[in-house]
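For reference, chains read A, B, C and D in written order, and residue numbers begin at 1 within each chain.
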Amino acid sequence: MARWRSKLHEIIYEADTPMGKAFDLVLLILIILSVVFVMMESVSKIDAQYHELLYIGEWVITIFFTLEYISRIITVKKPFRYIFSFYGIIDLLSTIPLYLSFILAGSNYLLTVRALRLLRVFRILKVTRYIGASNKLRRAILHSRPKIFVFLFAVVITSIIAGTIMYLVEGEENGFNSIPHSVYWCIVTLTTVGYGDISPATPLGQFIASIIMIMGYGIIAVPTGIVTAEYTRAIDQIDTNTQCCPNCGESKHKDNAKFCHTCGDILNPESDS
Amino acid sequence: MARWRSKLHEIIYEADTPMGKAFDLVLLILIILSVVFVMMESVSKIDAQYHELLYIGEWVITIFFTLEYISRIITVKKPFRYIFSFYGIIDLLSTIPLYLSFILAGSNYLLTVRALRLLRVFRILKVTRYIGASNKLRRAILHSRPKIFVFLFAVVITSIIAGTIMYLVEGEENGFNSIPHSVYWCIVTLTTVGYGDISPATPLGQFIASIIMIMGYGIIAVPTGIVTAEYTRAIDQIDTNTQCCPNCGESKHKDNAKFCHTCGDILNPESDS
Amino acid sequence: MARWRSKLHEIIYEADTPMGKAFDLVLLILIILSVVFVMMESVSKIDAQYHELLYIGEWVITIFFTLEYISRIITVKKPFRYIFSFYGIIDLLSTIPLYLSFILAGSNYLLTVRALRLLRVFRILKVTRYIGASNKLRRAILHSRPKIFVFLFAVVITSIIAGTIMYLVEGEENGFNSIPHSVYWCIVTLTTVGYGDISPATPLGQFIASIIMIMGYGIIAVPTGIVTAEYTRAIDQIDTNTQCCPNCGESKHKDNAKFCHTCGDILNPESDS
Amino acid sequence: MARWRSKLHEIIYEADTPMGKAFDLVLLILIILSVVFVMMESVSKIDAQYHELLYIGEWVITIFFTLEYISRIITVKKPFRYIFSFYGIIDLLSTIPLYLSFILAGSNYLLTVRALRLLRVFRILKVTRYIGASNKLRRAILHSRPKIFVFLFAVVITSIIAGTIMYLVEGEENGFNSIPHSVYWCIVTLTTVGYGDISPATPLGQFIASIIMIMGYGIIAVPTGIVTAEYTRAIDQIDTNTQCCPNCGESKHKDNAKFCHTCGDILNPESDS
């Protein structure tokens, strides 16, 4: 019995063997297909014509995903660790919605959460180059997070106060019919989205809006500055290490350096970092 | 009498003791509650149903804030210094609006200025990591300010001239009904907000607008560049340390410096940071 | 016969000789003229008056371009290499549309693809300074591509899921009439374009939209950070030179290196660059 | 006679003497006043009431500016150099429009060009700190210009081709009524302005628009990256020089360094750069 389990494990979890590759490819296609199916079902014209087909398609794929999810739990050594892992939760969420639609109408549309499974593509494509890229990026973004959080917090506070002022200045007759609505307008403006569903109509309101926009212009620079600086640092940290030459004391050698570039002395063999 | 004052001082101003922590938490919740109350009051539907409740809630919190404000003045050693400090002014502004609403209708909405008190959250959360982040950020932003000011000044001058040209080209029939209005449109465009409440309708106007937009595209790069460069520098300044030369007293040496760059004297071997 | 061919080759392919320069200039003017002609033909008012003129103009230029394309094939040594090169394909695409318009009405508008031929301008202007700039840029952009691809992939997945949520929250009565349409709205919002043709109308929808916008505000920082960091590195790489170690052949030494960092051998004193 | 000329020269051109300072201040106020006057004249409501007043105000200031312009020419040693200098041309343009309005109605609005004279503010405020900032900025922007030019050129070509495609896909019934109009829409989209006066209505058009927007998202990163990298370089070039230590060969010393920070040897006295 252990044999077919280890065989199944190899097919599902490995991406190097021909079987594993084929499985991942089938999975990839099914994910895209199912997301397309759900999208098309929501378009009333297409749904009117192909409802039956789309419905059957969704069920076939969902049953396949359900079987796959069960197999993943059976074949893995520590099932609970998989179940509560990031991908485990996504895999579960990708199968539930259609079953839920019996109870809660419309919940089948949540099948688009399957799009998250596309993140597996990176694993299939085996592009370590890409993974490397996203790892460096991820580190930079993780590092920037607390700073960007502080920053977004300030943006929200600014929006609340500026939104209140605009509510008092413009009033309900110009679409600013409540403070939450004005705060919404203020966020739309500060982020430079600018739908135009609400826009200031009084000269004073337009003047204040201009100031908010110019402020937003300066503010948009901050998160960009944070990410860029962190990412630049993340890149630089890889290319030079802080190894110190025992002869002349020069540091900041290239990672693969064996001899000091300043005095030519031999460098200490690098210890693992 | 001095005892209860010092006790009160500890509760209000300290965030380390259990009582101080509890007080700060209560304050935090009350701030959020009161901002939510004011926002909800401005929504006519909600106000129609819960006016009484919201009104009482606002008054209860305002009275609490008033008492807190008075306590802060009484228990602090230098009351005037507190009153005219940044937080002192915010604390005052957070209590006044509701009293003012007897005289000036609508001023109660200004209670949302209380949102500024949320900045205290950082103190409560005791996240030195965050504070550290915002300190570095603040330094970078402060450093960038004069440059960004010069830049925004140039944007405003550009908007005035481009706005005049658009007023002459498009004219009142296309919504550009005065120069200030055209300048407003120009700021909306340069900042890439683009409400669409006014937009050029003549071919010549659209051509000029295109040039303004492409210019804005290049211009948006400048404040971002400034903040990024300053922030990168703020981070890099960790690379120059504050080590002091034992001979000449020069500080700000490079991290890998073994000899003072001013007098050539040997520097103390760096202690681990 | 070989003589007129080499003469023709010189005129068409060279940009240094007076004849070659004149040819390139004529080409440049014709490209701009033909793009302007096509654009003007699409404006119904202008087309009504000058249709004949524009039509003849397009044909004259197209015949000239056809002759030029044939000449390029005849005079070049490896005709197939030219035909399948980037510029060869553009040159072909620049002549076909008008002939195609006999079969497929409207295809003549595709003549605007000729605008791509304007890239030759750089060759004509002989601005090595510009080419240098775009080379460095191109390298930075090429380097950023996999990372930006990963990033845009994440944006699309986010849009699909957020679009589904908005479809369920807002529904057809507020313009979110299908998931693909909602995804389109989500991309319009995340990229801060914000047409306003669809915009959330329910309070919950506006709240979710606000979160999407603030997220977009943080997200827009990432590609900028990537390009900036890569470009900064591309500029800094001037700091590592291509000097080759006479002993072990290792290149890419730091500019101030006197000894090879791989074998410790002394490097040749740098010649002035 | 030479005496009053040198006296006048001192008042007009100097900003250090009390008289010069007062003159500059008056000038500054008059510039702002006249721009405000012209703006107010364009607002029909205000103009209806205060036309006389504004008209007289404009004339008084214009006559003052005319006299000032003449004085500047008389008192300066090389009048032609002043006349054809940047500020000389602005000064002339700031006086002409009102005289021109006798011949050409509406040209008086061009008086807003006077806003450019506000650039003198920097001179009056004597903020060398600001000037320093804008000098560094100017250098970075000048350096970035050819690269940004190449980039904007590419954006325009992209817009022409994408605009043509959208014209063919959407057609006149959806507002894309000519290629120039579609190109205008494409620029509005790529720059993330997004007025919404024209927006794609067909599914295919929205799909293509989504691609254009996501591309624009990546493209907006490029000029920002260029300016940031150049500005970072401009800042860094000031803090370290390329001086080489005669003993150990270490370069990149701080500007005020007298001794090598690596080996402690004395550095060559810096030659003027």
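As a convention for this text, contacts are C-beta pairs under 8 Å (C-beta built on N, C-alpha and C of every residue); 3 or more make two chains touch, one makes a residue touch a chain.
Note that the coordinates shown come from a computational prediction; the quantities given were computed from them, not determined experimentally.
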item: Longest centre-to-centre distance from subunit A, chain (CA-based); value: D
item: Interface numbering overlap (same over half, different under half) for subunit C and subunit D; value: different
item: Chain pair showing more contacts of the two, B-D and B-C; value: B-D
item: Euclidean distance of C-alpha centroids - subunit B vs subunit D, Å; value: 27
item: Distance between chain centroids, defined by C-alpha means - subunit B, subunit C (Å); value: 40
item: Subunit A, residues touching no fewer than two other chains; value: 180-181, 183, 192-196, 220, 224, 226, 228, 232, 249-250, 262-263
item: Subunit A-touching residues of subunit C, taken from the complex the two chains share; value: 146-147, 149-151, 153, 157, 160-161, 163-164, 167-168, 172, 177-181, 183, 189, 192-196, 199, 203, 206-207, 209-210, 213-214, 216-218, 220-222, 224-226, 228-229, 232-233, 253-254, 256-266
item: Residues of subunit D touching subunit B in the complex; value: 35, 38-39, 42-44, 106, 109-110, 112-113, 115-116, 118-119, 121-122, 127, 129-130, 133-134, 136-137, 140-141, 144, 148, 152, 155-156, 180-181, 183-184, 187-188, 190-197, 220, 223-224, 226-228, 230-232, 235, 253-254, 256-266
item: Subunit A-facing residues of subunit D, complex; value: 192-196, 224, 228, 248-250, 262-263
